[in-house]
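The first chain written gets the first letter, and so on, giving A, B, C and D; residue counts start at 1 in each chain.
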Amino acid sequence: MENLIALLVAAPLVGAALLLCGGRRLDRAGHWIGSLFAVASFAVAVVLFADMLGKSAEHRALHQHLFSWIPVGGFRADLAFQLDQLSMTFVLLITGVGSLIHIYSIGYMEHDERRRRFFGYLNLFLAAMLLLVLADNYLLLYVGWEGVGLASYLLIGFWQHKPSAATAAKKAFLVNRVGDMGLSIAIMLMFTTFGTFAFGPVLASTGATGEGRLTAIGLLLLLAACGKSAQVPLQSWLGDAMEGPTPVSALIHAATMVTAGVYLITRSGAIFNAAPDAQTAVVAVGAVTLLFGAIVGCAKDDIKKALAGSTMSQIGYMVLAAGLGPIGYAFAIMHLVTHGFFKAGLFLGAGSVMHGMNDEVDMRRYGGLRTHMPITFVTFGLGYLAIIGFPGLSGFFSKDKIIEAAFARGGTEGWVLGGAALLGAAITAFYMTRVMLMTFFGERRWDPEEVHPHESPKVMTIPMIVLAVGSVFAGGLFSINEAFVTWLEPVTSFAHGHSPVSAGAVTAATMVVLLIGVGIAWRMYGRKEVPAVAPRGSLLTRAARRDLLQDDFNHVVLVRGGEHLTRTLVYLDHSLVDGAVNGTAASMGGLSGRLRQLQTGFVRSYAVQMLGGAAVLVAATLLMRGV
Amino acid sequence: MSSVASVHSLWTVAAGAPDRIPAPRIEYAQLSPTLIVLGAAVVGIVIEAFLPRRSRYYAQLLLSVVSLAAAFAAVIGLAAGGFGSSKAHLAAMGAIAVDGPALFLQGTILLVSLIAVFTFAERRLDPAAHGNRVDSFAAQPAAVPGGTAEQAAVKAGFTTTEVFPILLFAVGGMLIFPAANDLLTLFIALEVFSLPLYILCALARRQRLLSQESAVKYFLLGAFSSAFLLFGVALLYGYAGTVTYAGIAEVVSDGAKQIDPALAGTMGNDALLLIGGALLLMGLLFKVGAVPFHMWTPDVYQGAPTPVTGFMAAATKVAAFGALLRLLYVVLPGMRWDWRPVMWGVAIITMLGGAIIAITQTDIKRLLAYSSIAHAGFILAGVIAASRDGISSVLFYLAAYSFVTLGAFAVVTLVRDAGGEATHLSKWAGLGRRSPLVAAVFAVFLLAFAGIPLTSGFAGKFAVFKAAAESGAGWLVVVGVISSAIAAFFYIRVIVLMFFSEPKTDGPTVAVPSALTSTAIAVGVAATLVLGLAPQYFLDLAGQAGVFIR
Amino acid sequence: MADLSFPLLTATAAVPAVGAIATAAVPAAKRTAAKWLALLCSLATLGLALVIAFRFRPGAKEPFQLTESHAWIRDFGVRYDLGVDGIAVALIALTALLIPFVILAGWHDADPLEGATPNHRWRPTQGFFALILAVEAMVVISFEATDVFLFYIFFEAMLIPMYFLIGGFGDRAGPHGEEQAATQRSYAAVKFLLYNLVGGLIMLAAVIGLYAVTAHQLGAGTFSLQQIVEARASGQLTLGTGTERLLFLGFFFAFAVKAPLWPLHTWLPNAMGEATSPVAVLITAVVDKVGTFAMLRFCLQLFPAASSWATPVILVLALISIVYGALLAVGQRDIKRLIAYASISHFGFIILGIFAMTSQGQGGATLYMVNHGISTAALMLVAGFLISRRGSRLIADYGGVQKVAPVLAGTFLVGGLATLSLPGLAPFISEFLVLVGTFSRYPAIGVIATFGIVLAALYVLVLYQRTMTGPVKAEVGGMHDLKVRELVVVAPLIALLLFLGVYPKPLTDIVNPAVGHTLSVVDKKDPKPTVQVNAVPGHGRPGQAVRDQDVEAAK
Amino acid sequence: MNPVYYLYLAALLFTIGAAGVLIRRNAIVVFMCIELMLNACNLAFVTFSRMHGNLDGQIIAFFTMVVAAAEVVVGLAIIVSIFRTRHTASVDDASLMKL
């Protein structure tokens, strides 16, 4: 069985190679090839999953060792895979959602002459992402980690002729690199501490080393997670990433890649459990981000950017949960999966809306679309209900558990985190309702002469429907006598949190804040007419539109500062480092010119100098003897 | 009082038994190289006197080549006869040493001169005047430049074939110089090879004003320095009471058997020794062109006819350094601790001075002159080593250097424009484009000068620096290395000029030489590469030759 | 014994040398023939290099294999000693591998300009390819030399052909016309030569010093690396601390200029900027490697004590090179200068790895030499193709190339990604090893060096964005995509980058023993991990951990 | 009378000669000064010969005279030819080559 694991990665990789090197002759079949390999990978995943279910919990972890990758001295990295319940969950999510989005893209990218390349990139992404979750050591994980970064770079900048797209792609890659720095240093630290960086030994030996090192490793891993999962302070790239085609946003920047950080933290649970300070940092980041993203989400008029804010915020929930330790890991992953469904669904919905609206993204130019694109409306609506945590839908189960766990952290910390989570829930309800209302309800704010909204073709709607189904039932399914938790427990270890407030109270509170959020949104956007041009808005609103000025900060401090620094260095390199050498040469020349003057051309001056020389010679000789 | 008596006894002895004066013994066989050359020179004069003008050129050429070749053969014979090592001894009643260094240097000088004769005899480069081929020497040196007499001479197709015997005389002197074993012989040899050179300098066909000026400068300064040298000789004689190297050395190292009271008076007086030694050194340093006695070098090199310059630059240096070595190693080893520091200073300022001043030169011949000064400095570093390695390394360096120099100047004769040789650097721009072969050859010589590996220049430089370092002169080596870095700069400048700059439209033409100059250049290149790639054989030679007889 | 067998190493150097002479001798009219001749010679060399790689037995005890030894200049204690260790084999293979691509890429670089007056004497094309082969020969032999003097000679002599390559051939008509370009070229060439010559001459002083020392203590002066190392090990030869340090500095200076290490780097941007891109590749990918290689082989092995004495300073300088080079790369307007500064940054990594004195560091540094060679070659050659199309080196003159020439852009991107050492491509492995190796001994330095990977991403992506993406510039519009010849050049390099990125084992197997030997000579051991883990080989199951002191107690 | 005085005289003459070389412009005079220096050397030789009571010094003196004569021949030839070219015997005018 374990020999199939490599197949998971290989299939999309082969697809990518074919499509990217195949050249124009594959243009017509390109998208089918791409989807085929994606589906194939999904099929393999299902097979493996079935096999895994057949085994008892302890013996589910599979392992495949291909070959020794980098053996240098004591440093040995293997190309080996590890498929346990955690990886399995991700594999299913990635390949499943991935396949759906491949299919969706067939329709969405129909009119793009570079469609073949697009599917090549998508396959490349799948391969990298699978490598990330299947690696059995941190270095291999790092390969996948940067691989998905590359894929995301290529896909964000897919429409390279748009400078904005190219810039966004670059920004995404650079910000991620900052995170990657953390990961690589963490790996070095593991190597110097444990002499290895394979999951097994490292995670098993955490007890043997001091807490200081573990905290350091934990914080470095957190930095990596922040980069990849767009957590504060490295969140700035996600909004711009929406420059990419919508399927990309759905797959990479909602369902899978951005959740890699959560995977990393959960996978490294043992380290964090042994380093409470690191955990505190994690929950702090999570709490801050979930609010940050939510607030930003409220102010955006660009439907994709609004969803991006929401993604940020939802991942904040997951990180928060992951930071809570054994009481949270399982729920983090669970929310991750459900989120994968409904957020992907929402994005695909948004894509389908744009598809029908000539790629218009400004929600202020939408309105009253529910009649024109019913399927999109329904699927989007279900996704909406799921995300705000409407009772019975997936979001409800996963998010509710996280809030509960947050309180369960105990002490003031618990209250603060719980409060934040609740507040987040309220804001989520608000901005999602806002999106819903502005898009599908109210009067139309678009010109029927120019745009003719229409429902998308089947190849696009079917994936949306599937995802909608997922976002409705997944949560409930998982929660049937804690199926999901028990499934993950061998890997992440689970502990019931003892929350100061009863589970029922938490649920009630969630319901209340949810209603408040929806209510406010209804008063602002349902009752009143939405202006086609954004009003100036309050200070907070304006700040939120600018991502709470965090981008401007980056621009002023990092970009400008960097430019000045490099310019100065270039100048110094020329004037100082180079100048020193040239100066020496020049001074040589000057000296030469001066000495030349001695050669006056007059015999008698020569004679004088000879006489002088003779005198010196004699004097020196005498001095030597001291006569 | 006693001195008077001794002088008186002198007379009585003289009067008493004349037969007691020993008849001088001359080992003709062992002096044969010198004798052959000088004899040939005399014959050359006779030829000038009696042969008709037409046939003189060929007769002279033949004579010089044959005689030089014969002399070289004689040197080889002597060396093979073991005179270089086991049977080394003093000939001509101790006046002339026949030993390793002497033979090695004589061999080098003879080869160099042989090649120099080829460049002297070159008659293809200058455009034929009135249907007669002309070489680079004035038709009628006595005539006023541009005057009617000169034009007549040119019309008549006169050529100064006297240059060959004159050259031979100079060579004769040079052969004696490094072998001279007493100060008198040293002085005479010096004059014997200097005077002909003065004349040769004045004989250029083109730019005769410069030529004459160089001659007069060379002459006056040369005479000036030789006066100092002679005074030094006098003082040393005064100190030691003898002029034979062995004798002086004995006195210097207080090894004199019986000290007669007259000697005791002066012998104690080190001032005589030191001043005399210093002046003697100065005379020799002048000949090798060491700073601060180098002033004549650039002017003379520039003004003299290029073949002569090449000959001077190569042969004079060899001879002078030979003499310097013998003086320092045979006569003054006892006072090593006095002259070594002084020579340190001289070597350093010579290396640096030559290299630095050369940077801003604009005339190729002056450039080479300054480079020769810098090289003198490098060789001095080897001289200072004061070890057997030092001797052999210097010998090797001299051999290597002289061929490179000769070749380089031979190439200079090829690059010509309306006014004769185009020696201004600006004229050399783009030479590599116009005639790559010549430029490449010249580049090889320049790289050898710069001491780039795989050329003889590098092997030589390494040898002398190695010797110096082993004798504890590490910092001298560092200075040498730095100055060769500086020197590299201007050699490279010339290469850049030749290859990387666009040729000028009114640029010079490269004359196609006859077999003579071609041979000279070819030999130069061959020597440069052979001594660079496989120097071991020659190092062995120099190594075996590295012992002076005293 | 070695003398009886076929002199493989000599042959490997001799083939290109002879080829150079032959190529130069081809008459002016037969330009194409010269090109093919050169290409064939370089391929033959590649063949021989592969034979070396296969004949080489990584496991063997003796440090050098395939040795040849002949007397050369007895008076100088110089022997013609050749021999290869793993590092040398890897680098020889790299050299032999790159030269054919260099020749192929420079196929038309030395063709006489259109409308130039035919000159039957002036044969630039023949010269160009002959010089490239000459450089190859000298580089190969300096990798093979186990005699310090022999190495030095070719280390120096190599400058001359390089000098002519830089000064004699450049991009057609730079921004300010041919005249200007010519002057800049000769300036760059002279700068290159003087910097390296000064370095070499200072090294010469040290070489002579070394001779003096050996001659003084061993009776006869010697330059044989092994002999000296053994003598030092057995205590026959003992250098005074001061002497050893002076000699070390003399050697290191030359290599640091060649490498180049900050602040001796300024010749590289000029040289790479002005030279044609194949020659630029020759400089940075092949010739400069001799410098870093020599640090590893000569500086460390001849002067272990002095090396570790100088390590702190050198590490700091290397660190400066890494950051400084990267930052200046970001600030460049000229594509080739940008790549040059990037190389400076990379050489910083190599030197860092060498002087980290850990097996990961030095193994990584060796891999880095190879990988950097390949990646820079890929990037620089593609850049050259780009420049040859537009006739400008300024980044600002490009834009939207990706639209008109997707393949060119794609290869350029891959080259760039290799330069920023993306995992999956070869450079990642070497860079990570260097970082790990450094980190395990000097954590702070390792961390700072890691910033380099962010900066690398910055300059590569900025370069790509400005040239390839965005709206198509008018001048770029008519640009045609890569031709077959150009694809033949680039594709194999990229394939190699991928292969070595996924399966570097063949390389590491060759290199590791050599690195081990070097470290043993320097007498350094890898730092132990703080926790002893009996790692279950590549297995997910937890292995139990024991504290260090328990291990001690167990003993 | 003490022969050392002759040495002093010789040194004096030599110095005068040297000074003359440096001071005088006319080539002929410069040349005469050099001859004076040589003669000073001769005086020194003879004196020392007397002091040491051997004949070497005197013999050398004769050689010196011969050499001096030879120098005159060559020197005058050169000086005369340059005079005929430039119509001046001033050494300072012969300064075309410099720097």
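Simple rule for what comes next: a residue touches a chain if its C-beta (ideal position, glycine included) is under 8 Å from a C-beta of that chain, and two chains touch if they have at least 3 such contacts.
Please read these numbers as outputs of a predicted model, since none were measured by experiment.
Both subunit B and subunit C are touched by A. Note on interfaces B-D and A-B: more C-beta pairs are in contact across B-D. Averaged C-alpha coordinates put the centre of subunit B at 24 Å from the centre of subunit D.
Rounded to a whole number, the gap between the C-alpha centres of subunit C and subunit D is 66 angstrom. For the pair subunit A and subunit B, the distance between C-alpha centroids works out to 81 Å. Between the CA-based centres of subunit A and subunit D the separation comes to 97 Å, rounded to the whole angstrom. Within subunit C, residues 194 each touch two or more of the remaining chains. For subunit B, the set of residues touching two or more other chains reads 216-217, 220, 224, 228, 298-299, 489. The set of subunit A residues touching two or more other chains comprises 585, 596, 599, 601, 603, 607. You'll find the chains touch as A-B, A-C, A-D, B-C, B-D.
Subunit A meets subunit B in the complex at residues 585, 588-589, 591-593, 595-596, 598-599, 601, 603, 605-607, 609-610, 612-614, 616-618, 620-622, 624-625, 627.
Note for the complex: subunit A touches subunit D at residues 596-597, 599-604, 607-608, 611. The part of subunit C that touches subunit B in the complex is made up of residues 71-76, 119, 121-123, 152-154, 156-157, 159-160, 163-164, 167-168, 179, 182, 185-186, 189-190, 193-194, 197-198, 201-202, 204-205, 208-209, 211-212, 215-216, 221. Only residues 392, 433-437, 447, 452-454, 458-459, 462-463, 465-466, 469-470, 474, 477-478, 481-482, 484-485, 488-489, 492-493, 496, 499-502, 534-536, 539-540, 543 of subunit B touch subunit C when the two sit together in their complex.
If you check the complex, the residues on subunit B that touch subunit D are 3, 6-7, 10, 141-142, 144-145, 184, 187-188, 191, 195, 198-199, 202, 208-210, 212-217, 219-220, 223-224, 227-228, 230-231, 233-235, 237-238, 241-243, 260, 262-263, 265-266, 298-299, 302-303.
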